[in-house]
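The structures considered in this document are given below.
Next come two complexes built around subunit A: one with subunit B, the other with subunit C.
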Partner chain A sequence: MIIEVEDLVKHYGEVKAVDGVSFVVKEGEIFGLLGPNGAGKTTLMEILCCLRRFDSGKATVYGFDLAKDSLKVRASIGFCPQETLLYDLLSVRENFAFSASLYSLDSKKFNERVEFSSKVLGVGEFLNRRVQQLSGGMKRRANLAASIIHDPPIVILDEPTVGFDPNIKREFWELIKNLKHYSKTVLLSTHDMYEADEICDRVAIMNEGKIVALDKPYALKKTIGGDDAIHIRVKDSQTKKAITILKEYKTTVIDSEIQVSAKNPWEVMAEVSNKLVSQGILTEKIEIVEPTLEDVFIKLAGRKLAEES
Partner chain B sequence: MNSIIGIAVKDIKTFFRERGTIFWTIAFPVMILLLFTAIFGREILSTQTWE
Partner chain C sequence: MGIVNEDGQSRSEIAISWLNATGFLTLKNFAQRTDALKELNATNLNAVLILPENFTQNLDYGVQTNVSLIIDGTNPDVARLVDDGIRTLFAEFYKTIINQNYTEPIMVNTETAVVREAIGYKENIVPGMLTYPLLFSSMVVSTGAIVFEREKGTLKKIRASPIRPINMLFGKTLAALFQTAISIIVMSVLALFLLGPKLNWNVPLLIPIFFLGSMNGIALGLIISCIGRAPQEASNAATTIAVVLQFFTGMYFPIEYLPVYMQQIGQFIPMTYAAQALRNIMIRNATLSDLVVPMATLTVSALILYGIGVVLYKRWVEK
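Right after this comes the complex of A and B.
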């Protein structure tokens, strides 16, 4: 296991920011910490990066104990925080050179790493431009490249795509997935359930400092998220009649859409469709919707992920 | 050692690329020096002659 955390606790005065958290991250996986703001994700990451002390528990990163070998831990991780930590007045290459100097990289290794960043993270096109002249997406890419310039085996990303527009977000997800192909282990925090679902091999859902569930996104959705739902939209005037026809099913109406939950959605969709058509009701829309990680969070925490984000 | 050189290089580059910093740390003191020399330079000379 490349990261092992056991019963970690961190207080801020009376507040328990991290409350007895335990998990392991396997080599080469993308592991996500999913939770609303204030769940303790950033604190946990900062502890793993040796930027904060913890009150009790045990944690090892790349086999090094956080409490005893903090320098070796720092050398084995690349931490990319939420905010861009690049110098605006320096070019991207100069920023890389600065980061490389902090890790005492020789010029040969530095050139190799710049080559790697150009190829994998696509920073080659703006290497010699000053950071102040870059777009938000370019800055984030450069920031990620600078944080892994020393070729660490572990990459820790704190909400890497917060504030991105959907296209850039998707582009960034591909970059993160690419890192996995270069034998990097990625630990990322997010409050975006789609992001966790899309790129993470395993997800730990955090709430109020605790991990409330941990598994593969698909498994979490299947075991905790509940059944699939068939969303049906008919003309407003026919909604009541449609509900009466479908009374044998478990139905709810949300935003003028009838939702039928079913364990075997494909069969039920065919049945429902036939029943409605035979009674003269034409459906405007009928689709199967799988449970999301948001549903998982609601079931576990009793509230929405987005409420506090 | 590499780290110290790296930090120094970064600081020197950012210093010389910030126009405001260069004005306030180099140009402005020189301007003040010239100004006060122009105003009080003769007085000091005459004082010295008087003594």
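Right after this comes the complex of A and C.
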């Protein structure tokens, strides 16, 4: 295991930010920490990057004990926080050179890594431009490239796409997934369920400092998320009538949509549709929706994951 | 001010006690005129006052008596201040202590001892200009360097790398030293070409003073940056403290202009010693042996302040 965390605890005064967390990350996987703001994700990541001390528990990164070998731990990770940590007045290449100097990279290795960043992360087109002249997306790509310029085996990304527009977010997801092909292990935190679902091999769901579930996204959705649901939208004035017609099914109304839970959704969808049409109710939308990690979180924590999600 | 009491009688003793009581100058007694003048030349005194042999006798017989005042004229402002002050004090002494019935006053014969010729405004202002970077550049630069990394967030990136906090601190210190050195060089070149002062540019002696002065400023900046709760607060505090400190250090105007209590405060500010050392080197041709006290003071204060800064910085980084 490339990262092992055992019963880790961290307090901020009376508040338990990380409450007995244990998990392992396998080599070469993309492991996600999913949870709302304040769940303890960032604190946990900062502990693993040796930016914060922990109160009790044990953790090893790349075989090095966090408490004893912090310099070796730091040498084996590339940390990319959600803020862009580049010097605005320097060019991208100069920022890379600064980052490389932190890890004592020789010039040959540095040039190789710049080449890699240009090819894989697409920074070649703006390598010699000052950071202040770059767009938000370019900055984030350069930020990621700078954080892995020393070719670390482990990449730790804290909310890597927060504030991105959907297109850039997707582009960034591809970059992260691409890292896997270069033998990188990725640990990322996010409160975006789609992000966790899309790019993570395994996800640990965190709430109030604890890991409340850990598995592959698909498995989490199947085992905890519940049955598929049929989402139906009718005219507002007909919603009450429609619910009455569908009283034999398990229905809920969320955001003006009637949701019908069903183990065999395709059969039920035909029945529901026929019943509504026969009673003169026309559906504006009817579709089958699989459970999401949001559903998993709601079931586990009794609340929504995040406003943005 | 050095006092040579060649009279040694009652009236001269009363005069010295009276001068002492005014608190205008700190007096140091000398048995021999030559010893006092030696100290004056070594720039340890601003002036020497000589009360002649017949001081008491002349006053007792109602005859005019002359006292000699030898002033270090390298700083015209200080020289004028001392001269005017002593004249006023003796006039007051004559009126207050000596019987007013005497017709002849005490005459103060002033003589100016100038170590170098043509010491004027330009010569006096340049050492002050060169003290400026020690106080402002080093302090504000070191505060800014650390605060900037915190504000920008790049401190997190550096801390996540295998760099020890102390190494980063040394790096920042070197950078601040470099920037201060650039400021000093620019100021020196400007002073040379624009003002053309007749000064002693004793580089081997100036460099250690610049270095020690900068280290004191950097250490102060480091302490401020670790204490400040917000980046802007730390930057403002550094600038404000530097502005206030300059009044106590005798950078641009003689420290003697200040009230005694402010002069005493100035003695606890390392930059005062740097400013005085630069004046002594550049105006008074001070040698290494003349600079032992300011250099030792600057070294000790730099070590103490930097030590405090390192402790605060380590605590701040680990927060």
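Throughout what follows, the second predicted complex is superposed on the first by the 291 of 309 C-alpha atoms of A that agree within 3 Å, B and C clash if a C-alpha of one lies under 4 Å from a C-alpha of the other, contacts with A are read in each partner's own complex, and residues count from 1 in each chain.
Just so we're on the same page, contacts are C-beta pairs under 8 Å (C-beta built on N, C-alpha and C of every residue); 3 or more make two chains touch, one makes a residue touch a chain.
Note that the structure is predicted; figures quoted are calculated from it, not measured.
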item	value
First (subunit B), second (subunit C), both or neither touched by A:102	both
Most subunit A residues touched (candidates subunit B, subunit C)	C
First (subunit B), second (subunit C), both or neither touched by A:194	neither
Contacts of A:147 with subunit B and subunit C, given as first, second, both or neither	second
Which superposed partner A:51 touches (first subunit B, second subunit C, both, neither)	second
Contacts of A:77 with subunit B and subunit C, given as first, second, both or neither	second
Partner chain(s) touched by A:87 [first = subunit B, second = subunit C, both, neither]	both
Subunit C-contacting residues of subunit A that also contact subunit B	87, 102
Of subunit C, residues touching subunit A in the complex	152-154, 156-164, 318
Complex contacts: residues of subunit B adjacent to subunit A	2-3, 5-7, 9-10, 13-14, 17-18
Touch list for subunit A against partner subunit C, complex	49-51, 53, 71-72, 74-75, 77, 79, 81, 83, 85-87, 99, 102-103, 146-147
Complex contact set, residues of subunit A against subunit B	87, 89-90, 94, 97-98, 100-102, 104-105
